[in-house]
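As structure tokens, the structure follows; a few thoughts come after it.
Letters are used for the chains, namely A, B, C, D and E, taken in the order the chains are written, and counting of residues starts over at 1 for each.
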Amino acid sequence: QALPTDAVNTTKLAVTDGTVKVGILHSTTGTMAISETGSVQAEKLAIAQINEMGGVLGRKIEVIQEDGASDWPTFAEKARKLLVEDKVAAVFGCWTSASRKAVLPVFEQYNGMLYYPTFYEGLEQSKNVIYTGQEATQQILAGLDWVSNEKKAKTFFLIGSDYIWPRTSNKIARKHIEMHGQKVVGEEYFPLGHTQFNSVINKIKLTKPDVIYASVVGGSNVAFYKQLKAAGIDLNKQTLMTISVTEDEMLGIGGENIAGAYACMKYFQSLKNPNNEKFVAAFKKMWGGESVIGDVTQAAYLGPWLWKLTAEKAKSFDIDKIAAASPGIEFTGAPEGYVRIHENHHLWSKTRVGRARTDGQFDMVYETADLIEPNPFPKGYQ
Amino acid sequence: MTRTPQSNLFGRSFWRIDGDIAGILLLAALLVIVLPLGLDIFRLNMVGKYLTYAFVALGLVLCWGSAGILSLGQGIFFGIGGYCMAMFLKLEASSPEATKIQSTPGIPDFMDWNQLKALPWFWEPFHSLSFSIVAVVAVPALLAFIVGLAMFKRRVGGVYFAIITQAFAAILTILIVGQQGYTGGINGITDLRTLKGWDIRTDDAKLVLYFVNAALLIGCLLLCLYVRRSKLGRILVALRDKEDRVRFSGYDVANFKIFVFCFAAALSAVGGAMFTLQVGFMSPSFVGIVPSIEMVIYCAVGGRLSLLGAVYGTLLVNWAKTMLSESFPELWLFAMGALFIGVVMVFPNGLAGLYQQFIAPHLRRLTARRSGGAAAGAPIIPPHTAAD
Amino acid sequence: MLSVNQLRVSYGESEVLHGLDFTVAPNEIVAIMGRNGMGKTTLMKSLMGIVPARSGAIRIGDSEITGLKSYERVAKGVAYVPQGRMIFPTMTVQENIETGLSVHGGRSVPGDLYELFPVLLEMKGRRGGNLSGGQQQQLAIARALATKPKVLLLDEPTEGIQPSIIREMARTLRRIRDEKGLSIIVSEQVLSFALDIADRVLVIENGEIVHEDSRGAIDEAKVARLLSV
Amino acid sequence: MFEGYSLAELGSIFAMQGFAGLILFSVFVLMALGLAIIFGQMGVINMAHGEFMILGAYVTYLCSNFISSYAPALFPAYFFIAMALAFVASGALGMLVEWGMIRFLYRRPLDTLLATWGLSLILQQVFRSVFGAREVGVVLPDWLMGSVAVTDTIEVPINGLFVMGLTIAITVVIYAVMFRSRWGQGVRAVMQNRVMAGAVGINTEKVDRYTFGLGCGIAGVAGSAFTMVGSTGPTSGQLYIVDTFLVVVFGGAQSLIGTIASAFTISQAQSTMEFFLSGSTAKVLTLLTVVVILMLRPQGLFVLKVRR
Amino acid sequence: MANPTDYLLAVEGLTVSFDGFKAVNDLSFYVDSNEIHVIIGPNGAGKTTVLDLICGRTKASGGSIKFRNRELTAMKEHQIVKAGVGRKFQNPSIYDDLTVFENLEISYPRGRTVFGALAFKRDAAVRERVAEIAEMIFLADHLDQRAEYLSHGQKQWLEIGMLLIQDPELLMLDEPVAGMSVNERKKTAELLNRIIRNRSVLVIEHDMKFVEDIAHRVTVLHQGKILSEGSMERVKTDPKVVEVYLGH
């Protein structure tokens, strides 16, 4: 089956007759290591599984891992190293939008391929990136519609960390809310790492919103939910919907502090389908029974698989051919069910709503009937 | 009088000119000949990036080493310099044609994402390259002037000053991150492409920028050397040790502090601007507390009293960071931590101290046989002046 | 009481004391005289354990104290009034004196200290750093006495003190010596004070003892000559 | 912004807002007390202070796991055990660090900044290697997580009360130890003139070691308490460092009252502004206020004036 | 009493209190041109505080200090120096890291502004003046030595030299011979007697022998007030002075 190296690699990538090199570029140190560890594990799992099945175009995948150290310039430096020095055929990496923005020009300049796993704010599209997470509308709109119907919600309080993703997400959410005649009664942002939420909790008590809509990220979450609970806000009575808490964050928050909250994601570890059961089992086998899998971790798992499928369709590792062949690639083995790459290099995927349990898992309470079309430049929401 | 002071002084300063200038020439040779020949363009560009931090370290040598003013907020000035440059480059990259898919073409992309409909007023002047270049130096210097005026006239000093500059770094970071419509937020200003139509992303451009950067650094080094050797340089040392005595010798001490602080700020800003040009973006992660402390560490590793040491220290720490994190992703923080502790504990005067202790005596013996006896009989040089 | 044997002290490469030998008897007051830079302070500091001795031995009574840390020497009965006073500036006068109590666990400042230096009682709530130079000098002596020493080291105690108190001090120190039975080593440049107080005078020059006279037989002219070369 | 709320509602909101300010105040004091000793009294710029706090938090985490698996009956009270252990662990590490590193640097305060920065990097990586990069969830006994209803509309979080109580207790202890005991006098003497303190009979090495250990131990207790309100991860400690230093410096480094006054000012400024402005703006304005006041009172709120 | 404007320095009604304690209390005294004026008095009388007030280190609570008819109380330290007042501290305050030459050069009154200092040239005038002063303070052979290694007495002289090079009209010395050997005291007295051409010197000292050697006029301070004033002979025999200061 193996095609000659000359044929699959016309651009001097690090491909030999037996191997192909790829890069993994995440933070294993610094504040973002908390979130990115799961992605690294998922990508390594996928690569191990692919290698076990014979690799890509008959070549075993070799991984070069670099540490972005939660520092955007370091991401850029390491990306350049992977592309220029190591000549990797694909990079799986980045988590925050900031790191992606930092490496994007590098990938475009040196013509590399990045598989980016995180749900993000949209407003971007690149030949050199496959976005395996959701852009904002895929994550937000269906979830908002669901709470509006289910909880008869009229008023919303938006709270997020102070950076582009929460702000952009909330902008879209606000448009959507106001379009439907509902009302935003508060919108607050806190610096990353902020740990004091008592004032905003008082404001929430004052405004009595039907829904608290939260996009607080990182360690701040722990403080936020513990303080909510301590302030006597019972999430079984007060509806809270988050677009930033996955099973990963639940570890630190503690299930008992967030139980009852709703999260709007495309994947939960508790999803019941054969793909997912296999995936969860394999993940735990590789990384230990204690480990949990969040939305982004699953999206990261898709990266190597999508790349393999694309390379095999294109019969080449050449970046241009991969980019061109990507639209339409389907991955039926996806733990989230089934995904397909759109023309715009994002994935078609479902929106799901889960309810947090005390054991740190989610019960899925809703999923969209169909895959939702990715729309990174949503008209009417800008 | 047995010896005239003139002849003594001449002898002494001649040796110093030889020593320092030779050091600078050696560094220049390393930067413009050895490294470009020895490294590929990717690594060379990385060295170029490291060298931009050396501007900050130079400023710290004057500010901290000479005058004893420790600023833990030099990232502020590095960042502002970088942002001024980035604003110009971003505007050039945001021509209406290049941004026609935006809802408001002609403004930077992040503004469009943040629903801005027009360019904010303070961005307007950055259409002009000459304004931007002036701003790179002037804005940070002005800010430093205001901060310095407020602090030094009130005689805030020492650790207090250090902590307050840290607070300023925190303030500025929060502002930049919070005002993302105007600043690009936490992402920074990314995707910079051309300078007056010249593509700064190509290998050739990187090579040119590297040399420009190296030349600027050598220039700044000479400038610092001039400052340090002037009477002003000696006054700085004097006020570090005996501020009251300087005051009672008729000097307005605050003015001198303000001057070095502004000077260091301007140097940092030049570094920041060169960073933007070579790396292609600027982000608030250079403004904050962590990078500011790291910059102090570069200076400490090099030897806080030595200008040349600062450059080598910067190179060493950054090179170590890159290499260790490539080779030992799990362990590199241990190594970095150990490096800092080691430098402080074992080589309190950094690389420069090492040089003074182990290399310089041999060199001196080789070069100055005649005065060799005098050197041997001289009192032991206390460590804190070794690198002066 | 105190015996010093072949004491050598150096700063880095340069040796300052070149093998000093002397003893101080119980209840004796010895004045160490010498010009500037001859090693008086260095001697005091090395007796106190502040600068290490390169070789030689120091004993208090029967116990060797050569290798001990400062605070251990204080426990053995050495007390020190440094040149330059070294008051703890932000602590009150009373607290300054109390620091001297910690070594024997005393609770409160013995009243006789305040009797010796009435000005300190008057100022006991004032911060040490705010005292005038002479007041600080008195405080430093009181603080040293609070440790109940057997041997008291005084490094130029008259520096900055008004003439009447200097005179008083000679009397006071002799009285303390008589009452408490301690030995005193005092370094001085001023001959008159030394003559007032000392049982014996040692002249130190370039780190060696060059002259010794006991009270009554002091060759004033010779000492004066040695002090003003 | 208050239209549509009854007076009673507003009243209770302000009461709760005041209480939120008090909690923040307690948090600041707790963070700063250890540093007030280490930095204010000893002059060591300990950039690893946050890591000593997080060590306390991890100890609490281990303790909660251990007790819930082996002695579930003790669980409701485990927090007290955890705090004691946190004090011991951070204090012991502090003494070790003092012995291995700090004692060589007393004459070079700015160098302590660099060395402890290195230490903080190492500790972070140790935490990461031992506990993983992710945050750990510290399970708290239920009684700590509720709130008491003072009136129908005013609810007060119990963990807030707990932190406040703890703060008061620790403050009193520190005040007694540092300013009312012979030991504290020794500490101050050593810090003002180490050589002379030895020469009046104080065992300076012991004082240094135990004082540093005490400061670190208190950091550990603070970290333990903060598991109730904050996150516990390898880098969580860095979040606290700037605020902590600012509180201590703003107070006037050598004064305990100053530290408390400064914590009060900053917390009230922040919580009031947070209510009327956005979180980020409030933070900026708080920091600016502190800086401006520091310019007016360059040595902090409470200075011990001594002539130079 | 002569018109205050005739005096080089006129201190009138000067008062300062620290937390209610009046260290200097409604003090008035005058310093003539070309005189060596010594202030003596018991420990804690307020002598150092008076110098602190004159040179601007401590702010007065009341009263005036006129130097050549210019009010000093409102001026900053460096302005007072520029007006012609030099101050030596009780402990020698010199720059340990610099050489004797550099110590003197820094005090040379040219290039005192930031840019002046940047442009400052070590020209012949500077070198000559430094050499001249060094000669005067017995340090001509030590110009290249680091100040740290000077003896105590030499450090005191160096600091005096640093003031002399500024050519002040009023030189204030706080216990200049403390810690000096007998010989050095003599030389210092010589030095002071030599330098008073065109200037006045205000000295605080406890060494009566030294005071006798130098004083043109003596002011005795006690509890912040003047106890006695006049020539050394007169003061020495004043019973009040003997009582509180000299002792019997």
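Just so it is clear, a contact is a pair of C-beta atoms (placed from the backbone, for glycine too) under 8 Å apart; a residue touches a chain by one contact, two chains touch by 3 or more.
Here's who's who by UniProt: B = Urea ABC transporter permease subunit UrtC; C = Urea ABC transporter ATP-binding subunit UrtE; D = Urea ABC transporter permease subunit UrtB; E = Urea ABC transporter ATP-binding protein UrtD.
All values derive from a computational prediction rather than experimental measurement.
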If every chain is reduced to the average of its C-alpha atoms, which one ends up farthest from chain B? C
The pair out of A-B and A-D sharing more C-beta contacts is A-D
By mean C-alpha position, what chain is farthest away from chain E? A
Using Cα averages as centroids, what's the distance between chain D and chain E in whole Å? 49
Between chain A and chain D, centroid-to-centroid distance (C-alpha), Å: 35
Centroid distance [mean C-alpha coordinates] between chain E and chain B, Å: 43
Where chain A and chain E are represented by their mean Cα positions, the distance between them in whole Å: 75
At which residue positions does chain C touch at least two other chains? 130
Please output the residue numbers of chain A that touch at least 2 other chains, ranges allowed. 28-29, 162, 189, 191
Give me the residue numbers in chain B that touch at least two other chains, ranges are fine. 174, 177-178, 244, 330, 333, 379
Per the contact definition, I'd like the list of chain B residues that touch chain A in the complex. 42, 45-46, 49, 101, 103, 109-110, 112-115, 174, 177-178, 180, 185-188, 190-193, 201, 279-281, 283, 285-286, 322, 325-326, 329-330, 332-333
Chain D contact footprint on chain A (complex, rising order): 28-31, 33-34, 36-37, 162, 188-191, 193-196, 198-203, 205-206, 218-223, 226-227, 229-232, 248-257, 360
Any idea which chain E residues touch chain B in the complex? 55, 57, 76-78, 81-82, 86-87, 89, 93-98, 101-102, 105-107, 109, 111-114, 117-120, 122, 127, 130-131, 134-135, 140-141, 143-144, 146, 148-149, 162, 166
With touch defined as at the start, can you tell me which chain C residues reach chain E in the complex? 35-37, 83-84, 119, 130-135, 137-138, 156, 159-165, 167-168, 189-191, 224, 227-229
Within their complex, state which residues of chain D touch chain C. 182, 185-186, 188-189, 192-193, 195-205, 254, 304, 306-307
